[in-house]
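Structures incoming, each one as structure tokens.
Same chain, two partners: chain A is paired with chain B first, then with chain C.
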Partner chain A sequence: MTLLKLPSAKAPTRPAARTRARRGRADRRPRVLIAVTALFFLLLYLPIAVVALFSFNSKKSLTVFGGFSLRWYRTFAHDDVLIASLGTSLRISLVAMAGSVLLGVALALGLVRCRTRLGSLAGLIMLVPLITPEIVTGVASMLLFKGLGVALSTGTVMLAEITFSISYVTVILRSRVAALNPEVEEAAMDLGATRWQAVRLVTLPALLPAVLASAVLIFALVFDDFVLAYFTTGVDPQPLSVRIYSAIRFGVQPTINAVGTLMLAGSICLIALALFIPRLFGRRGGLDILSGE
Partner chain B sequence: MDATPAVRLEGVSKQFADSYAVHHLDLDIEAGHFFSLLGPSGCGKTTSLRMIGGFSDPTEGSVLLAGEDVTALPPNKRNVNTVFQSYALFDHLSITDNVAFGLKRKGVAKAEIRRRVGEMLELVQLDGLADRKPRTLSGGQRQRVALARALVNRPAVLLLDEPLAALDLKLRRQMQVELKQIQREVGITFVFVTHDQDEALTMSDRIAVMNKGRIEQCGTPEDIYEHPATRFVASFMGTSNLMTGTYRGGEVALDQGPALAVGPRSDIADGSAVSVSVRPEKIWLSDFEPGMSKLRGVLRDTVYSGPTTTYLIELAPGVTLSVLEQNTARARMEDRWSGGESVEFGWRPEHCLVLA
Partner chain C sequence: MALLRPSSRSRRRGPDATGTRMWTWFMLPGTLWMTGFLIASLVLVAVLAVGTTDDLGNPRFGFDLAGVRALADPAYTEVLARSLGYALLTCAVCLLIAYPVAYTIALHGGRYKHALIAAIVVPFFANYLVRMYGWSVVLSDDGPLLRALRAVGLADGDTKILNTGVGVVAGLVYGFVVFMIIPLYAALERLDVSLIEAGRDLYGGPVRTFFFVTLPATRQGAAAGLVLVFLPAMGDFVSAQLMGGPDQIMIGNLIQDKFFQGQNWPLGSALTMLLMLVLLIGMLGYLRRTRKDEAEARR
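Presenting the complex of A and B:
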């Protein structure tokens, strides 16, 4: 997975003179650094750029660009199976996001507040899913469902994804919970709030930026997860990633390019949203998706 | 005098593992008083406050508020409010909403909330900042918000946990005066925790000096300063020139140095080891009166500090006394002695305190 460190959401308006001064300084830097940076971005984004470009190809070829057209987007729009898979993936992502955020936040609160030996042990065990190879988790989940006699379906994917995602939410939230001043919750109770009201009215609002950031991260992780989905899904409807994999086995259709480009656009929108969240709370600076800070 | 104290602690203890943070505390706090719990860090003063507030359960004893046993009640069911050391403001709420928090929980009508919050912000001089967020305020302003947020609920008792500790000295002095004025204005019982003896002396109606989970002495600021009951109180409250010696027939023979006349004490047996204390400002360097105890010592150092000068006088090897003198025109430093000179000093016998 990628560790996203997003740049500052603040876009200061800079006078023209200062822009020129900056360009002047940049010119004096070694050209080789600029070249290395360019190469880095080229390698990083070339495959994606190719996919985006060929999604607008008028021909069926994956190597020759025949001119701009929306043909493959139209094909995708009429492909009921792919559309159903997209819907399934969105449903899985939303449910996994809600479920893992709910459980992960509760676990983070519990782990920080419960300072017993058992509590620290639970804190360690919680980290295991992060380092377990996903394929092991996938196979294990499948075997568990089979063993319990549960038929594989969209529901089993949701359960597996929630299990897998809780750790991420908890890791992000735990440092935020630990940084909270315990006197603030006490102050709420001092002012007449019950324990639950204190959590709801004071603690959760203080955690909201981190909660939203982890929700966006989990949505993105689950949406493009393949391994876990592959092992725990039923036959119909399959999640989008599994469907694309199946489709490629019978030869790559350019429709896949269109789907990929749409997913890319969706991801960009999500990242923009993640950048917008801290602004919503009047915070300056960037948002580190992993720490929620 | 109202017979029912606003706060009463009956044999209250708080035990952590095998040590006592608070040990069998008995304490009455009279309604309308500005009461200070004073002591060094770790003496149990904050734990005591937290037990009154309901944030910490005593392992023994009872907490009574206005005669009612509240030991088992959670904080939200007690008619007290707290100003926390960290202020503990709600950062996601505006100043108005912070102050209105308690009234909203109680279900007070909206118009009434608006009126009372407005009044309270005026009292603490924050009326221009009602819509700001706590993060945008200075330390002193945040302190006022915390105070307003607690006071607006009109609690029977307001608990303050070192509320001025985070402020710089000048602001602190100003807030001491203001806090005392506000307390007089609203007439609410204040229980104030501090480790700063000056703060306790200037603000309090009564002070309880705590040490190692116990109350060493409880009394008015004057009582505590002028008549410390124990060695700890004498040394904690300002400079006390503690000297050790043996009591015998109205005199204390110092371990190092001469015998000091202290007057007969029926409560102290001959031959017991005692401490003697004379406050620096009670020692005279000139214009002696008849009946004073007079001694000689060697001037070791002179510390000039604006309105006053402190002379360090060695009475005997290892026994150095601090003597504080007003810098009046007749006592200019350069007119006086230089280091190493033998000087005469004295005190009224009643200012020489014997501490068992």
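Presenting the complex of A and C:
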């Protein structure tokens, strides 16, 4: 038995042999594992499918499907309150995206390149939102605004969303910045560029895919965010996710299925786009030099 | 080349000081922003936990332990214990579900691996509220899941999922299982398959190989996943609201109630600090574990 396997025992050094060994294992298809995984996928998509299906229901029921209709989408399009909320959500997402990308990218660059004590302190502060549950950050932001005497409004939601999106941008960008070879920047400076020019003309273009990806991701996350918006929003017009929350709590309106389906479809597209953006750039020549590999 | 090096280094010494200064300026706006809005607000929560309110219900600063003392009320300790129980149970269920899924995709996914993981991750980051709402429809008394279970005889007419603890945990699992899958998948992807084969070569059965080779090798991924699930599960209030009844409320629901309906801000702040304390203990436990693991790995 062991003798027969000797050739493959040497395998790990050669990648081709290793994939063959892997494929050999895959040939013995583990039926139970595949069944569990299939069931998992079924349950993962079932709720999404249910919301989407009943958004096209011609009846008001949430359990009986009467037939295909766009009735609830029409209701949504004519609902001025929901449309106003949609506008609020879009505004919040755009502002939060711009603000957090600007602050987050600069923070990521500074954190990687600045090895001072202030740098490590900033690194710690940056981690706080990632280990704090949303309800705590929501309560804290609300208290801060109330404490400062600022009336809650769309503006306060924007400020709070920026605060908690900075960390995401920084986390995404930090590994990319760390992978850049600082010698390329130094080469630019040896060729007469100032430090700032080196950052603007060499570093930032190299980071562009990651910056775009994080921007799209933040837009989607903020648009979908509910807890933070719920604690920091004013009365009117509230962000769409807060509206959905009240609608779900106080009686079921099928319109919510239509809004929910649109939101799910929108954010699924955006998140898939965010995952795909680096690939659009990834394999393109010159920039690869910069990724210290 | 060797000749050039000293001169270029000496030329770089000047710019390096200005470089550090520039990078500090890069770091400053974001750090100040977060200190002002985040650290300050967390401090404010701590201060208000010992504060009072005026006649109109507005928060007042002061030193009054009424809010903190109220935490000892059995009504609150019961909710805290329940939240802990639900969160820990959620962690366990997530591990049990995520491990086989991550394992199957990492080791048997072949060239569809990335697509399959993306198919899990993408919907998970889409609207949490809408997903949870859809899940509550699936779990409802005449929803598809219970109908299917009744059809195969695994449930009878009286079986309920919504408005029970099972429903709340099911909601939390559905909400956060992806945070378990990602680190586990990363760990299993890195796993050297020849280790498993070595286990087999040494006459370990599939079960023994799994428990003595695969599982220990991916322990860190599992530990990271447990923390990542525990944090949001402990602070969640949507699941208990949509899937549970009044007997299933969690600490998040209490906090929400104290700030919106009850208007008892000092008590709400005290509850928030209590939640943070529990999470901090969990985080510290995790950090100690990983540090011990790293020390062992180095030996």
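Heads up, the rule we're going with is that the second predicted complex is superposed on the first by the 248 of 293 C-alpha atoms of A that agree within 3 Å, B and C clash if a C-alpha of one lies under 4 Å from a C-alpha of the other, contacts with A are read in each partner's own complex, and residues count from 1 in each chain.
Quick note on the criterion: a residue touches a chain if its C-beta (ideal position, glycine included) is under 8 Å from a C-beta of that chain, and two chains touch if they have at least 3 such contacts.
What you see is a predicted model, and the numbers here were worked out from it, not measured in a lab.
*Asks:* Based on the superposed arrangement, let me know which partner A:151 touches: chain B (first), chain C (second), both, or neither?
*Replies:* A:151 sits against neither chain B nor chain C.
*Asks:* A:81 contacts which: chain B (first), chain C (second), both, neither?
*Replies:* In the superposition, A:81 contacts neither chain B nor chain C.
*Asks:* In the superposed arrangement, does A:70 touch chain B (first), chain C (second), both or neither?
*Replies:* In the superposition, A:70 contacts neither chain B nor chain C.
*Asks:* Would you check which partner chain A:132 touches, where first means chain B only, second means chain C only, and both and neither mean what they say?
*Replies:* A:132 sits against chain C, while chain B stays out of touch.
*Asks:* On the A-aligned overlay, A:42 touches which partner chain: chain B = first, chain C = second, or both, or neither?
*Replies:* Neither partner.
*Asks:* Classify the contacts of A:179 with the two partner chains as first (chain B alone), second (chain C alone), both, or neither.
*Replies:* The answer is neither, since A:179 touches no partner chain.
*Asks:* Any idea whether chain B or chain C touches more of chain A?
*Replies:* The partner that reaches more residues of chain A in the superposed model: C.
*Asks:* One more residue to check, A:192. First (chain B), second (chain C), both or neither?
*Replies:* After superposing on A, A:192 lies in contact with chain B but is clear of chain C.
*Asks:* From the superposed pair, tell me which chain A residues show up as contacts to chain B and also as contacts to chain C.
*Replies:* The overlap between the chain B and chain C interfaces on chain A comprises residues 186, 189-190, 195.
*Asks:* How about chain A: which of its residues touch chain B in the complex?
*Replies:* Residues 181, 183-184, 186-195, 197, 201-202, 205-206, 208, 281-282 of chain A touch chain B in their complex.
*Asks:* Under the stated contact criterion, what part of chain B meets chain A in this complex?
*Replies:* Touching chain A from chain B are residues 53-55, 74-76, 80-82, 84-86, 88-92, 101-102, 105-106, 133, 149-150, 153.
*Asks:* Taking the complex as given, what residues does chain A use to touch chain C?
*Replies:* Within the complex, chain A contacts chain C at residues 1-2, 5, 8-9, 11-12, 18, 21-23, 25-26, 29-30, 33-34, 36-37, 40-41, 43-51, 54, 62-63, 103-104, 106-107, 109-111, 113-114, 116, 118-119, 121-122, 125-126, 128-129, 131-137, 139-144, 146-147, 159-160, 162-164, 166-167, 170, 186, 189-190, 195-196, 199, 217, 220-221, 224, 226, 231, 241, 244-245, 248-249, 256, 260, 263-264, 267-268, 271-272, 275.
*Asks:* Quick check on the complex: what are the chain C residues that touch chain A?
*Replies:* Touch list, chain C to chain A: 8, 12, 15, 18-20, 22-31, 33-35, 37-42, 44-45, 48, 59, 97, 100-101, 103-105, 107-108, 110, 118-123, 125-135, 137-138, 140, 142-145, 174, 192-194, 196-197, 201, 231-232, 234-238, 241-242, 252, 255-256, 259, 265, 268-269, 272, 275-276, 279, 283.
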